[in-house]
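Per-chain residue numbering starts at 1, and chain names A, B, C and D are given in the order in which the chains are listed.
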Amino acid sequence: MSASSFGQRLVITTFGESHGPALGVVIDGCPARVPFDLPLLHRELARRRPGGVTATGDSITSARLEGDEPEILSGVYEGLCLGTPIAMLVRNQDARSQDYAAIAKQPRTGHADDVWRAKFGHSDPRGGGRSSGRETVARVMAGAVAQMILRQLVPGLRVLGFARQIGPLRLSDAEVEALSQQDLSVADIDAFAARMPQRERSVEVAQLLVEAKQAGRSYGGLVELWLCGVPPSLGQPVFHKLKADLAQAMLSVGATSSVELGDGADVKGAEGSVFHRDEARPERYGGIRGGISTGERIVLRVACKPTASVLDVARTGRHDPCIVPRAIPVLEAMAYLVLADHVLWRRTDGMNIK
Amino acid sequence: MSASSFGQRLVITTFGESHGPALGVVIDGCPARVPFDLPLLHRELARRRPGGVTATGDSITSARLEGDEPEILSGVYEGLCLGTPIAMLVRNQDARSQDYAAIAKQPRTGHADDVWRAKFGHSDPRGGGRSSGRETVARVMAGAVAQMILRQLVPGLRVLGFARQIGPLRLSDAEVEALSQQDLSVADIDAFAARMPQRERSVEVAQLLVEAKQAGRSYGGLVELWLCGVPPSLGQPVFHKLKADLAQAMLSVGATSSVELGDGADVKGAEGSVFHRDEARPERYGGIRGGISTGERIVLRVACKPTASVLDVARTGRHDPCIVPRAIPVLEAMAYLVLADHVLWRRTDGMNIK
Amino acid sequence: MSASSFGQRLVITTFGESHGPALGVVIDGCPARVPFDLPLLHRELARRRPGGVTATGDSITSARLEGDEPEILSGVYEGLCLGTPIAMLVRNQDARSQDYAAIAKQPRTGHADDVWRAKFGHSDPRGGGRSSGRETVARVMAGAVAQMILRQLVPGLRVLGFARQIGPLRLSDAEVEALSQQDLSVADIDAFAARMPQRERSVEVAQLLVEAKQAGRSYGGLVELWLCGVPPSLGQPVFHKLKADLAQAMLSVGATSSVELGDGADVKGAEGSVFHRDEARPERYGGIRGGISTGERIVLRVACKPTASVLDVARTGRHDPCIVPRAIPVLEAMAYLVLADHVLWRRTDGMNIK
Amino acid sequence: MSASSFGQRLVITTFGESHGPALGVVIDGCPARVPFDLPLLHRELARRRPGGVTATGDSITSARLEGDEPEILSGVYEGLCLGTPIAMLVRNQDARSQDYAAIAKQPRTGHADDVWRAKFGHSDPRGGGRSSGRETVARVMAGAVAQMILRQLVPGLRVLGFARQIGPLRLSDAEVEALSQQDLSVADIDAFAARMPQRERSVEVAQLLVEAKQAGRSYGGLVELWLCGVPPSLGQPVFHKLKADLAQAMLSVGATSSVELGDGADVKGAEGSVFHRDEARPERYGGIRGGISTGERIVLRVACKPTASVLDVARTGRHDPCIVPRAIPVLEAMAYLVLADHVLWRRTDGMNIK
């Protein structure tokens, strides 16, 4: 298995440096005759893009222009997946390598430039090369294909991510419980600033981030992911428990520093006869038991560090004051990839499984 | 890659059900001529065993007797690893399948019996089969070999785990900071009840668990792991970032529900110019930047759910009131496996690397 | 992937040295509820064993006693596979390491002792360690499980191997054509000396090998394998073409030096308009086109070198004058493993595939 | 592992259909700071191209125009490999899909169109999609990078392929023995028609193929590969013996039908005391013993079927009357990939290995 590959049945291999010619992905293992939904691919890329689809626009994200026009190189013919590898790329259009000339001399605080240079002994000063968040564009392309597969094999399955916390602003348990009573869609969430889907909080967040951007501040945050409509029996014994693969997927994304399932870290103070018998809260297990999906909703929370770019290039306007809004489609993509992988893996679990 | 395999360069494959004839592991990729340290293997197995080495003895762990005498089947000759697969097993001695006859009729709350039966369509009622914590004995054997490899390749590297929290009892940041000033060894930690290495807290924990065992209660908890002496440049781009592989490793263990690196989930409220510039706290990044080890200490925290067995078999005395003390050597083993894997992987990173 | 693992969906990992405590295999990916056929396992082990089931008995094989009593360690419960890893081993009973004391001083011609020692820098003089043909006992155990899977998923599929040539004695094309008109079974072939299923030739072969054994001679030979009842559409694009995986499987066995598919090396002199239009001979393609099975019979031929042991330990009677008879169940096992792997892989090829 | 990936340490993943937008490869595991030799890449692509570098020019190859201008998308910066995935592609320029309209209705004899369509249930009529020989352009790009790596790590290693036989014309053992006394280079071989490096035979071959092309005939043939300067100790136990990986590599190429190592299929008639003691012929083992390289020259022979295109598109001039000349750089590329993979794998064999 290569360092840039992910998955066991649906295997993706990504490539590309932040300031090289292109970034892309090869997806192998997509079943033949899955309809290829090009608008879905565009939509997901747009959701990740700076200055994308949030209500308050680019004032709360990086000003870097990324056209991200995807080019399909193989694996698709007349709107259907061929069963052969699907290769896709986007070109880097607005690299402005010159901005990074200064970096060559001095590593940027909080960035990984120096760590990577020490590892590989090279001298690419351009935006962190492959440690840059730009790398995630390939994940989003791959996640869109995973989503296309799942639509065919598990209609009704969907992944919803939202900002649970941004810096000091947090949705309470009661507010989240209220959200879960609604039939939220991705579009609903995208309509809120910074993807925090609660009216008052969203207004506060927009204000916080606009000011942060002007003042050169940045904030950490917490993404919450709901994996809805996941069929039971996904996950494999021991090392490829569904929770283990989700954890790897989430923490493979830059800037993340923790992942929790269900009650997550809160279980550390729990008493067993209360915890296990609290049948009013089926989600205390997070939708996974023994490493295997139960058919209940899977709940994940992923913490993100404050962006470091703010310290260095704040004056250029080319940074995000909080990465959470743009991390959401990336983490959703990783969840789709894990789910599609395990849905395909499930096909060989037993004698009578389709 | 199989579901029961872990690692890319040092590849382990485990097998065995909780109440079948034996559990074991095949380890492939161990370099030839690593000295095989049999006492180390025994010591690590003893540390995981119920009623093992803690000061207060078996009163705070399951009464299940597990001799866990390891048998080396291959890969070792005259005290040296041969470069061929190392296969090891332990027999199941005290399975008492009859205790589990009742389970066949009714799934146990909080256990995965029903989930696994639904997945595989089988009828093994015996203690959860491969979802049982008994499976971890194979991980501990493998982790001991990883430790033997690392001793040769990275002298000074060691992994220290301790109980950061057990139910309501928690070591404060200041207490942990004090610990980190000492030169703690594994033996030091093992000398404390429940492996919480602080005198007062340890006494309280012993009392809490003894009472819990008698009353049929159980507690969740939090394990903290320090990976000391890790060389820089471990970890691979994108999907095999060191943090991603550690996350998969930790969440592949049953009963775990979250993993945090460095400041972990606390970063969600952080402001960037404070967080990144706090040079007095190099560990805010957890010893990993851009997915690559920096040479600093790596700090992980893993939450464990309260054991569920307490609800069902409490009267037999065959359960642990908190899994944290026994989870520690298992999580340490997983950390050793990830580190050994990446130390070997590092050998092919560049032209001039040994 | 580890060096001792094989397969992508049905993944086996073998272990064990020729003169260590045991040899065995872990099989991961076997679907749950496949009936475990223990007599089949015993039968296949017996077919590989020296002095096994051929009509003329041990006079044409090594005198080494190998009880090869398989022990099932995991993955099977009440006669059904559990969906968890199946681990099996056989103990080494008649190792006679003392016979090999001399080898420590001087490498044996044609053996790999010196090559392996140079590679791993170790000093195990005992029968070549893991390069010994004894290693194949693990493959036969794994192959038996593959056969159990295929019986459920592709009834009617079977692999038939026979000795096409032993030293100077060879079945002609006409003789083989005659064989293919019969409805040969494995038992039919095993009834002939050295598994050359033609009465006159079989008598000659028996005489040749008895004399060779007495005189300390050995012969090379050619195994022909028929894979009958293979469904169409097995094989994957590009690197996992069915022929590529079969070639790796066959040449991973010691003593083999070539593999041919269909008309094999004879195609080198063929003219295309004759070759491709010869519809009376569908097997000129060997049952595989574009790397994918066509549904026709797959024909493979594998050449084996003369055994080298004859040169060194001839006087002890512990060698095979020709490895072909005993290689047949091993090569059949490898073919079953490749087929089971691809039958499972096939399940994720497309939308509508069970 | 995906179907379109190859290798364990140097992992390549190819993509692209014969008549889609592009074909390419992602190479992961190339050590950082390997000099990227662009002219070498161009040279190898030119050697594979129809109408390439042979003395008699395009009259003996397909008239299809393939510019094959490689585009480097990632992994290279200022002439050095970065240690990140190297992605490269070539565009399809001269696809002439319209030529293939007729194919949609009727499968082409000897081609795999129908087999692939049955497998994947799709309808791409365009030249066999991914089963086309056009796919090999990605292998040649990858092989060139493998060659760049080996130049750094094992100076002096080189792979030489030549046409041992084309239809009825064959180099005798004595002629090949004479060749091996010379210090042949790739350029020397390329100077001969059809890469058969013997003056008289080369003239005959040129005549044979020119006539075949005019008459719509095609021939099978035999490629011989010499792997010179291979260090000892390459190859891994059991399933990744060097010969096993080479066999998979060779038979993963379309049109191949057999692979032989050293004396290959000829060993089937050999007597052991003669074969093993023939020290004047060290290459009877083919440079590999026990699956591990010995340091001697490795000799492989690969048979190729007559091209089938001749039957269908002969009038358009777009076919090769014998695939052997163009298969040579492809098979060389596969050999370089296997060797580079094992040279990197070797780094983790033991304690003291660089």
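To be clear about the criterion, a residue touches a chain if its C-beta (ideal position, glycine included) is under 8 Å from a C-beta of that chain, and two chains touch if they have at least 3 such contacts.
Note that the structure is predicted; figures quoted are calculated from it, not measured.
Note on connectivity: the fewest chain-to-chain touch steps from subunit B to subunit C number 1. Using the contact threshold fixed earlier, the set of chains in contact with both subunit C and subunit D is A, B. The interface with the greater count of contacting C-beta pairs, when B-D is set against A-D, is A-D. Note on chain placement: the centre of subunit B and the centre of subunit D lie 47 Å apart, centres being C-alpha means. One finds 28 Å separating the Cα centroids of subunit A and subunit B. Here the spacing of subunit A and subunit D, counted between their Cα centres, is 40 Å.
In subunit C, 1, 3-5, 14, 29, 32-33, 83-84, 119-121, 130, 237, 349-352 are the positions where the chain touches two or more neighbouring chains simultaneously. Remark: subunit A residues 1, 3-6, 8, 14, 109-113, 115-116, 118-121, 128, 130-131, 135, 165, 167-168, 170, 216-222, 232-233, 235-241, 243-252, 254, 256-273, 275-277, 285-286, 289-292, 294, 301, 303-308, 310-311, 345, 349-352 touch subunit B in the complex. For subunit C in complex with subunit A, the touching residues are 1, 9, 29, 31-34, 83-84, 152-153, 237, 344, 347-354.
Those residues of subunit A whose C-beta lies close enough to touch subunit D in the complex are 1-5, 11, 13-17, 20-24, 26, 28-29, 32-33, 71-75, 77-78, 80, 82-87, 89, 119-124, 126, 129-130.
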